[in-house]
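Pasting a structure here, questions to come.
Chain lettering (A, B, C and D) follows the sequence in which the chains are written, and residue indices restart at 1 in each chain.
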Amino acid sequence: MKRKIRMGMVGGGPGSFIGAVHRMAANLDGQIELVCGCFSSSPAKSLETGRSLFLPEDRIYATYQEMMEREAALPEGERMDFVSIVTPNDMHFAPAMLALEKGFDVAMDKPMTYSLDEANQLRDKVKESGRLLLLTHTYTGYPMVKEARERVRRGDLGKIRLVYVEYPQGWLYTDCSATNKQAAWRVDPKRSGKAGCMGDIGTHAFNLAEYITGLRTEALCGELHTFVPDRLLDDDGAALLRYEGGARGVLMASQVAISQENSLSIRVYGEKGGLEWHQEEPNTLLMLWPDRQPEVIRTGGAGLSACATANTRTPAGHPEGYLEAFANLYRHFAATLQARLAGEEPRPEDLDFPSVEEGVRGMQFIEAIVSTNSSNQKWILLTD
Amino acid sequence: MKRKIRMGMVGGGPGSFIGAVHRMAANLDGQIELVCGCFSSSPAKSLETGRSLFLPEDRIYATYQEMMEREAALPEGERMDFVSIVTPNDMHFAPAMLALEKGFDVAMDKPMTYSLDEANQLRDKVKESGRLLLLTHTYTGYPMVKEARERVRRGDLGKIRLVYVEYPQGWLYTDCSATNKQAAWRVDPKRSGKAGCMGDIGTHAFNLAEYITGLRTEALCGELHTFVPDRLLDDDGAALLRYEGGARGVLMASQVAISQENSLSIRVYGEKGGLEWHQEEPNTLLMLWPDRQPEVIRTGGAGLSACATANTRTPAGHPEGYLEAFANLYRHFAATLQARLAGEEPRPEDLDFPSVEEGVRGMQFIEAIVSTNSSNQKWILLTD
Amino acid sequence: MKRKIRMGMVGGGPGSFIGAVHRMAANLDGQIELVCGCFSSSPAKSLETGRSLFLPEDRIYATYQEMMEREAALPEGERMDFVSIVTPNDMHFAPAMLALEKGFDVAMDKPMTYSLDEANQLRDKVKESGRLLLLTHTYTGYPMVKEARERVRRGDLGKIRLVYVEYPQGWLYTDCSATNKQAAWRVDPKRSGKAGCMGDIGTHAFNLAEYITGLRTEALCGELHTFVPDRLLDDDGAALLRYEGGARGVLMASQVAISQENSLSIRVYGEKGGLEWHQEEPNTLLMLWPDRQPEVIRTGGAGLSACATANTRTPAGHPEGYLEAFANLYRHFAATLQARLAGEEPRPEDLDFPSVEEGVRGMQFIEAIVSTNSSNQKWILLTD
Amino acid sequence: MKRKIRMGMVGGGPGSFIGAVHRMAANLDGQIELVCGCFSSSPAKSLETGRSLFLPEDRIYATYQEMMEREAALPEGERMDFVSIVTPNDMHFAPAMLALEKGFDVAMDKPMTYSLDEANQLRDKVKESGRLLLLTHTYTGYPMVKEARERVRRGDLGKIRLVYVEYPQGWLYTDCSATNKQAAWRVDPKRSGKAGCMGDIGTHAFNLAEYITGLRTEALCGELHTFVPDRLLDDDGAALLRYEGGARGVLMASQVAISQENSLSIRVYGEKGGLEWHQEEPNTLLMLWPDRQPEVIRTGGAGLSACATANTRTPAGHPEGYLEAFANLYRHFAATLQARLAGEEPRPEDLDFPSVEEGVRGMQFIEAIVSTNSSNQKWILLTD
């Protein structure tokens, strides 16, 4: 008999934002059950969180090392199948490496690691271990983002010329690190890495553009800014982009664009057509044509690709949101794990989730954008 | 130790739309687990669905009567706590009555029953049994709908004058009952009841207006239409409304408004302010003032009521949708059941879910709108 | 040599809103010149206004009777060709009748007259005199309204089923008649006529729906309200409509829908497609289809009808507004007058302006909506 | 007695787009009359156009030199007061210089000249002659643009941090220069100047940002592209901007962003608030705040600045568009000329039109953006 996929969690204790999101996303489709966790570096807080999640106490751990150790010792069908890592950036690498060593698959938040060097090591470890890695670039889970990629892929837009991608936020427009736990670690270079805004959300914008266009960024020329006094990392930035094949792009990301929430958007223009998508109204995709009227594509609407449809849960007119997009990543990841349990090949559509390559790519982007900022040279190459 | 609330399901087998929605809504917050079900009138289909949901075979039942009987015989902590009824309208009443008799709480889809008479009986039974009933008028679960109600309640709009509420859909613009299982029962008076469009979605519009304004409809004057040839129930209609206290309203509902998805919207104007909300962009509430600029209220934004905030899962800018609204109903219902398990009083905010009174109200609306249609008299009273 | 068409004006003095609008609309295309006027019942104010418009003093008149008399005595090529009547409703009929008698063509604001009886007389006089009458139902001058009508006419929507038309305003949400000259006469039954809101803006909504659909309204069932205490005319109302051929409609108009400006909109659904248009964003027309994506039609965009194009002055992306729509009426009226001067047949597209028939129709609507309001009978016929 | 201001025109013959726009803008308010013109380099075409505009033949000229000469010889009150120059860029300088020499004021289209050198000469000539120059940067004429500037000026946004300004068009996405007269000269470096897209519309974006923020651009780093094969000038480009005082900006302009019309938009974020404005829906200005809800400012709405109100012709809800914005420039220019005729000081609000300084600034921008494109140096200074 088939069973649910079993998830453990590292991080996601009191005050965590993204931990709860990962749990809801994993819950939604009834394919995954949370069986254990180490939710905080404080054992008491870990216990408190685990209990509130109805976990038995012997599956609530004080350290992630203990968790990996003891779960690995449990029999198949009881032990967790994979671990979700939802800690700040500096605590991604070590638990991920240990999990892979112990034979667990890994889901983890972005950016993948603290540094490019860690990212490269993790890529090697994934290859070596043969385990799966899910990197939660959430926005690629939206049906209309998948539709956009399909439309580009099948040539509706012709050769791509222009990409405008932006992610303005405003919540860090002033210094709130003393009172806001989410802010505190994001503006701390010891926990966040070399980049602040660009690491946190610039990587999302970068990833979205490469995902939809299928083009690799070759070089960039940009500038980072720190508008809030005494902040140690960038809270704003922009870059001109050069894509393979000659397309040009502009990427903007900010955490001081006052009142902006998660206003991620992308516009792509090709030789034959264009498209627009905005994360805050995610169920609409605008298709643009030179010689006929724009089309308003809607989640669940007529004439969508198989891929968009497979990532939609309800008929048109029932808005799907961020959690559904997130859940799409987990659903595909779980389906791939189920296929392995059943000794079957995973379906290609289930392999459509961001993984370690996208993670390395994001870290390359961070390296390049930090490098261009301090350089008088106009263009910086993104290197593999 | 606290445990999850245990759910059984009647209906929701292959081809069901709303069954899967109920399950996802119940899953999302990790407070409820599905433990049993009778998913179809066909035992084989029930078994197929139950297996796909990872249920043990001895908790997958062939009839709802068998399910009620056998679950009632299980020990507390093992048996289901409540049953979700997600069948067509003609199959709401009997399983609900039996569940209440056997001591189970009930969640069920709307309209509550096939007839007003059944609705009144069910109301009596709920009172007599002391059990809880959740009626899934989904749209009242949206944070911005709750915000709208709060703003009306605290007097921001002053005395209400005008209510425009509408629910245009287009999916039944032609006869698709032979090929579309969802359409088939909705246009069949034997399964759906006296009204088609008005029963299916007019009741949502009616409920939303009474929920937000807190006003009861006293009388209506309307007309129903059946545009598609040979259809036996209305597929369109409109009514003028008179609310207690002198407010006036207009309600429109249609299933032939071609290409409209679930374009439910409401506009309310009072002596001091107004508001607008559209279901398809549910994270925005527009507040309107005579002497200053409109405000764009956003889910998770600044200055929201405690009630809206308590019904929001993610920070501003992460769009929440239909499933989250639906899950809010289940979450409050589950919290109320948890309080009972713990021997505590439920929190007032958790009692904020539609129940049997709203169900009776909806059936009164159906009676009145069907009555006005065939009457030459201008106004028909809604009677309790 | 061709010359500009010469316009005189009755009304439009200090504090007038619509007089200045008529003058700007007549100016825009350089086809019409203002040559004389009687701008106020106060000769001093008339003189003041005339001077500010650069008119010679001997063409600024103290009474409209004097103006008609003396202009009629001037030689052709010097005297005015037509008169614009921009006074309150009770002062439409007399100057219009006199102008026609003296051989002048007439442009006038809506509703056409104070009463249906006057409207019928004016219709007879127009026929008898052979002069032209332009009734400024402005909204039919928008390119996208013309496009909508074309699309209906050529069958894109199939047989029309449903019409939702509404005109919510909020400026009369409280009693402002003491301080607002525009409000004062509109809420005064002696100057405005039998209906307030319905006469002022309900007639626009009614006209727009008949213009776009090409369908005549056969019967209506509605209610009027007066929300502001001591107001003598309706400030709000709604009606169910029955169109010839079986289409159904709903018309709402309000002047107490707080903060609404001129939120006129129309939605039409047929057997094969639908459309939506909103006056406040007038350069967009949404076309709706059952089996393909909505199209966003834009003023000046690809694939528009000849009629829409002929009513557009600038390429796509240069928003045209209310004054341009208004000017389209004057432009066609002037072109028709030019054709007559040249002894030519006017072009059919230039005859596309609202005239005396639409004026009579509007007065019939006012009669019917006032009648339904005080009747217990459900349906009131609109009679010719 | 006051009289209308008298306008002559250079350019604007058959096939011209902007000539007709200038004439409608000048007509709208009835303050200006066209009295003469040289509408084409072809005398026959000039005559044809002049006749269609009802001009007497002796005021229709074969060359602009003849026009300046003969008009200068006419008595005051008969001769033109100013000349509008609406030719391609290479034909701006010579007629403007001659007009100034002959004592005429000048209105002219942008970019002001063919080269920066010409611009500097023209600036000197304007100063020397004491005549007025109106440069038609249309978009600064919109009421909501003026409101935006006022809000920045009075400190509502606090110190400006970020400016995103963009002007995507799509009409040149393919080579249409053989069939489209408007395209032909714009892509021809002999007629257009050093820059294509950036000269034609990049200058508008640049001007709008400086106008609203009141900040001068100090340096830029950008890239131009030519996507359409064999095109000699840029059809796309983007630049990072550094403003005085530390603000940062991004400017994008494109004529190959397929299906985009005139999608000029600007977003400005400061330490205390932000704003957004889009040219294609010009009657809305969004004000953004960190701690309260966004406000939707509407043309004619409550609480607007005197400046916005003075640039609005109709009450709220009557959309004003491109021609009204254009007419605002002419209206202020005419009022300034009237003041001079009357020997009065012009009102400060009437001096609010773009002039020769903005024209020089635009040419400096073109120089810098062309320079950055071919440079490996990251930042290029804008020099006065």
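Heads up, the rule we're going with is that contacts are C-beta pairs under 8 Å (C-beta built on N, C-alpha and C of every residue); 3 or more make two chains touch, one makes a residue touch a chain.
Fair warning: this is a prediction, and the values are worked out from it, not measured in the lab.
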Partner chains shared by subunit C and subunit D (touch criterion as defined above): A, B
Per Cα centroids, the chain farthest from subunit C: A
CA centroid of subunit A to CA centroid of subunit B, Å: 34
Separation of subunit A from subunit C, taking each centre as the mean of its C-alpha atoms, in whole Å: 55
Between subunit A and subunit D, centroid-to-centroid distance (C-alpha), Å: 44
For subunit D, residues that touch 2 or more chains besides their own: 260, 289-290, 294, 298, 301
Subunit D contact footprint on subunit B (complex, rising order): 286-287, 289-298, 301-303
Footprint of subunit D on subunit A - complex, ascending: 161-162, 164, 166, 168, 170, 173-174, 221-223, 225, 227, 236, 238, 240, 248, 250, 252, 254, 256-260, 267, 269-274, 288-290, 294, 375-378
Subunit A contact footprint on subunit B (complex, rising order): 1-4, 17, 20-21, 23-24, 27-30, 34, 51, 53-54, 169, 171, 260-263, 279-283, 298, 300-301, 313-324
